[in-house]
Amino acid sequence: MHPSLAKLGHVSLVTPDLGRSLRFFRDVVGLEQVAGDGSSVDLRAWGEFEHHSLTLTEGPSSAIDHIAFRAARAEDVGDFAERLAHAGVDVRRVEAGEERGQGEAVRFVLPAGGGHPIEIYFDIDKPELPAERRSRLKNNSARMHATGISPRCIDHVNLWTANPEPVAAFMEEQLGFKTREAIRITGGPLVGTWMSVTSLVHDVAFMADPAGQCGRFHHLAYYLDNFHDVLRAADILREEDIAIDLGPGRHGISQAFFCYVRDPGSGHRLELFSGGYHIYDPDWEPIVWSESELAEGAVWWGPEYAPGDGHAMDQTTPCAAATPAGMGVAT
Amino acid sequence: MHPSLAKLGHVSLVTPDLGRSLRFFRDVVGLEQVAGDGSSVDLRAWGEFEHHSLTLTEGPSSAIDHIAFRAARAEDVGDFAERLAHAGVDVRRVEAGEERGQGEAVRFVLPAGGGHPIEIYFDIDKPELPAERRSRLKNNSARMHATGISPRCIDHVNLWTANPEPVAAFMEEQLGFKTREAIRITGGPLVGTWMSVTSLVHDVAFMADPAGQCGRFHHLAYYLDNFHDVLRAADILREEDIAIDLGPGRHGISQAFFCYVRDPGSGHRLELFSGGYHIYDPDWEPIVWSESELAEGAVWWGPEYAPGDGHAMDQTTPCAAATPAGMGVAT
Amino acid sequence: MHPSLAKLGHVSLVTPDLGRSLRFFRDVVGLEQVAGDGSSVDLRAWGEFEHHSLTLTEGPSSAIDHIAFRAARAEDVGDFAERLAHAGVDVRRVEAGEERGQGEAVRFVLPAGGGHPIEIYFDIDKPELPAERRSRLKNNSARMHATGISPRCIDHVNLWTANPEPVAAFMEEQLGFKTREAIRITGGPLVGTWMSVTSLVHDVAFMADPAGQCGRFHHLAYYLDNFHDVLRAADILREEDIAIDLGPGRHGISQAFFCYVRDPGSGHRLELFSGGYHIYDPDWEPIVWSESELAEGAVWWGPEYAPGDGHAMDQTTPCAAATPAGMGVAT
Amino acid sequence: MHPSLAKLGHVSLVTPDLGRSLRFFRDVVGLEQVAGDGSSVDLRAWGEFEHHSLTLTEGPSSAIDHIAFRAARAEDVGDFAERLAHAGVDVRRVEAGEERGQGEAVRFVLPAGGGHPIEIYFDIDKPELPAERRSRLKNNSARMHATGISPRCIDHVNLWTANPEPVAAFMEEQLGFKTREAIRITGGPLVGTWMSVTSLVHDVAFMADPAGQCGRFHHLAYYLDNFHDVLRAADILREEDIAIDLGPGRHGISQAFFCYVRDPGSGHRLELFSGGYHIYDPDWEPIVWSESELAEGAVWWGPEYAPGDGHAMDQTTPCAAATPAGMGVAT
């Protein structure tokens, strides 16, 4: 049986100004601080039970430390390590406890021109908060609407890379992702792909980097239950004098209602996201948008679509290096 | 006792394509058709009891036939006529029945550089709809959410003119409007003003026309009870393949949540509007936004602010002619 | 010229547990504390500029200290005092500063079987909050969505009395209120009336007290911009383990979306209220609901309608005493 | 490899008044009619691509014809038939085309005290609507918000049975459902269980029938993207003079925002449902509510909880007969 992934679990960000980033994610976005110290903190949303969905660590400059997917079974962590090594990927073991609250895991840099640091884990603590921060609902870990924007849970990551096609192929073949929606130039390249191991339209998206770089991070998204929560988020951000990057508006692709903002401490981009749809059909055919359909796919209504800049990561892997020998680019 | 106005009552538009305009306002916006024939129709929203809040009449090109304010008392119609004539304004009597469903009224072109055709009326029918279109709530005239976007009622008009200052002075001195919010260049001219005779921030706004013309109409607004209704409106417009002109977004001035769209039949601009606030204080000091505050005043969050084009009216009064002799431009 | 009222201004409540009441209104409802000390505090909502819309004062038991309406002009305060004295009402002068932030005012007990303590004032401070609590929008006094439920402004009060008819007549004749909606038993008594001096359906409502008492307070209402804010309020209340008294649901009368809750410190009932409609027509005919229409008028949809208990006030005026000699009960 | 299910696909209802049921589901709820004739019609929502999610067939009295789950793979239909037959369940083959738009399938009555008619299918048409009814978004099958309440898709069914425990065991062991939330009397029986093969909290729920019967249907649910859509649905239902069965309100279990209503043609109960949460974790421990937690689990806020009546089905299987020999009741 192939190993398989269950979901996106968490993202670990490096920020040059932990104080400001913490103020943003904890006090403005309203995530709960679960653990950490003066140099690194773990946060999660009120609908999450795992130890963290976001880690902020102080460092010399903004970067993605890693993006973690949870395996479907404990044994899948090792099985993925073997499978990836066999495919020529350089896999590093992470010992239990090396990451707060987490058991053994593996990490690797996304090959095939990706360049993003990925983690696969299964064992993770599910700590309870102190009673006064716990929800009175037993299917939530923390009180709803306690602070700021107050999203329910992590939703997805959006990654940029020079050429999405081989990375998408790697995600399908090695990690079991399914393509749900895509943008493909007629008779030409894949310039965007929305992929999931869950029923979501995407746990991860890959977009063609306009600068032709590899390994850049575009955004991290948290989910809010209602469109109105995103409107309220926009008010909260403007009251904090935090510029809105793009939105609110509605994507055609995924149908999500969105608002993008950058963490003032790190510049990392956050999407506040509601709506979208779920795919339960095993025979789902990817929805493919051509270049003439792209504008509506990107923004069904709302702000003018402007692809904007990706966020540079310190550890950006040169595109050549991101494609290990033997990991051809063909799909 | 001075005559006074109670509210904005209705707007009468000329459209070169009545079929398309009717399809837009009746079938997409969802107003109820109350009366009319093949060349002209009267419409109102489900929360309105007066005969019409919008009249569409076929004509050679798009124009505003008139903008009507309701007087506070029946005798105020005549009193306004006298008062305006005394101020040098050319007033025309409208006989009962000349406008469907309406009693005697008066009309004049807004002087002091305005140029917009204004009507003042009091007597108006309040017809019941057939039972199957009536609301089961006795405080509504028609069924809520029966068709399309389904706003509750007319809200305001926004007019463009070369120099808002003298027009605003006329509105205050002759018609009893109060200035609620305004944009004034520091030490310089008034470039926008939001005025009302009700508790609304504006029944009418005047904005400086970037082209220096007079008598141009910017938009008509209908009110929706909830921000979410505006989001749903955006979906409905896009499903109809009607381009959104601007929005959704939130104004700083008035705090309204907005979405602008143009009637495909006439090009007249419609604002779908929710929120805003009410002013009940008799000593309200106008909120004045300077040029450095203008961007946030125009768009607190949402689309990039772009003043855009006003809508040309056939009967645009040359600015000189719009200022009758003796109606100086000073305030 | 008759003196006139501009609006409901504030409510002053007595609570036996100021700590709990303050925690409820400041930390859960999210009003801003503007002034006060250990025995009494003044609060207001983020959309309000006056010194306070709510005063909480510790006292031996729950009571209404007074309900304050703002006069339309400074001189109207004295003119009302004269007019009311002439009508046989015992009027007490309140010196400037006797109430924090407020100038001279007058108070009286509502006659004609009312029994509720009323204040009329005009002069009131409009203090700015410290910069960090101020809204970045200049048309708000405090930051939107900063804490808890976060309503925009006070909306109305609902009062119980043995026989609403003579009180309503007093409100119309002496204070200039207009009846907007009412419940009248066919061929029989008025059992509820919604009245306003503003365009709101009600600044105040009077309901027949099932226990036949006078002077009881039913609730105070704060306004929220969107129905969804009321749903979020319900979640917040349940997370605080505060029982919801009734709702959420929608009234037929006024069309408001409501949720009722009691202050855990005092038992005073608060309505969280969104929607409703505005009346700008001078010739509005009151919407009258008969006994057969009452159920839908009370609850258009939502919880089962149950009239419930009014809130006893210590200073309840015996009904006989509430009708001064010469203030007949006829309408 | 075990056969597995992908999702709830559709529900087929019998109604004694097809005209009224069709008016309800098509014109008030707003489902699209895809196929059918004078005696039976197929409907689906705008976010669905399969041929139907609801079939209405005229018959002598209200009944459930069947509840259909889609298999994960084409071969799973036959594999389930074998597996079920081996477990002593009487399985009937449904030929391709016997059900409009559908390929081969199997049907059986839920054993272990269930009594509900279940179908498993894989092959189904995905017809396009005529262009004027199609969404301009390629990830929808029909226009959003075209008619009435306008839900996105089917969500779940809720079934009543005398003793949920053995049925839940059958659903887990034979059909691969996972228990997500449950109500269990302390030290006693399971009285409610929410189960899914998807990430939803429930594709199906089983509740203890207060009358001790088997095979009764409680409700079918359709999903709406936002809580506000449910509020709008309540308005639409009341304008149609259709009584609301329960709600709007919020469940603790599943956290869904709900409103229940009965089809006036058949009495079948429909839940209009928004929110809820998704479970992506493979090691999710069912959330178990005890009798003291049941009230909040049933209704977190909203209407008084009243279990109410289930809906009688003509073909109700006597409980004894619903448990085939050898299908013990133990878990």
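For reference, chains read A, B, C and D in written order, and residue numbers begin at 1 within each chain.
We take it that contacts are C-beta pairs under 8 Å (C-beta built on N, C-alpha and C of every residue); 3 or more make two chains touch, one makes a residue touch a chain.
Because the structure is a prediction, the values reported are computed rather than measured.
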item	value
Numbering shared by both copies at the subunit D-subunit B contact, with half separating same from different	same
Pair exhibiting more inter-chain C-beta contacts, C-D or B-C	B-C
Centroid distance [mean C-alpha coordinates] between subunit C and subunit B, Å	33
Interchain centroid distance [CA atoms averaged], subunit B/subunit D, Å	48
Distance from subunit D to subunit C - Cα centre to Cα centre, in angstrom	46
Where subunit A touches two or more other chains, by residue	136-137, 226-228, 235, 238, 296, 300
Parts of subunit B lying in touch with subunit A, wherever the complex brings them together	227-228, 231, 234-235, 237-238, 244, 248-250, 257, 296, 300-304
Subunit B residues within the subunit D interface of the complex	135-137, 143-146, 226, 228, 232, 235-236, 238-239, 241
Residue numbers on subunit C that touch subunit B, as the complex places them	6-7, 47, 49-50, 70, 72-73, 136-140, 152-153, 181, 198-200, 225-228, 252-255, 274-275, 277-278, 280-282, 287, 289, 293, 296, 300
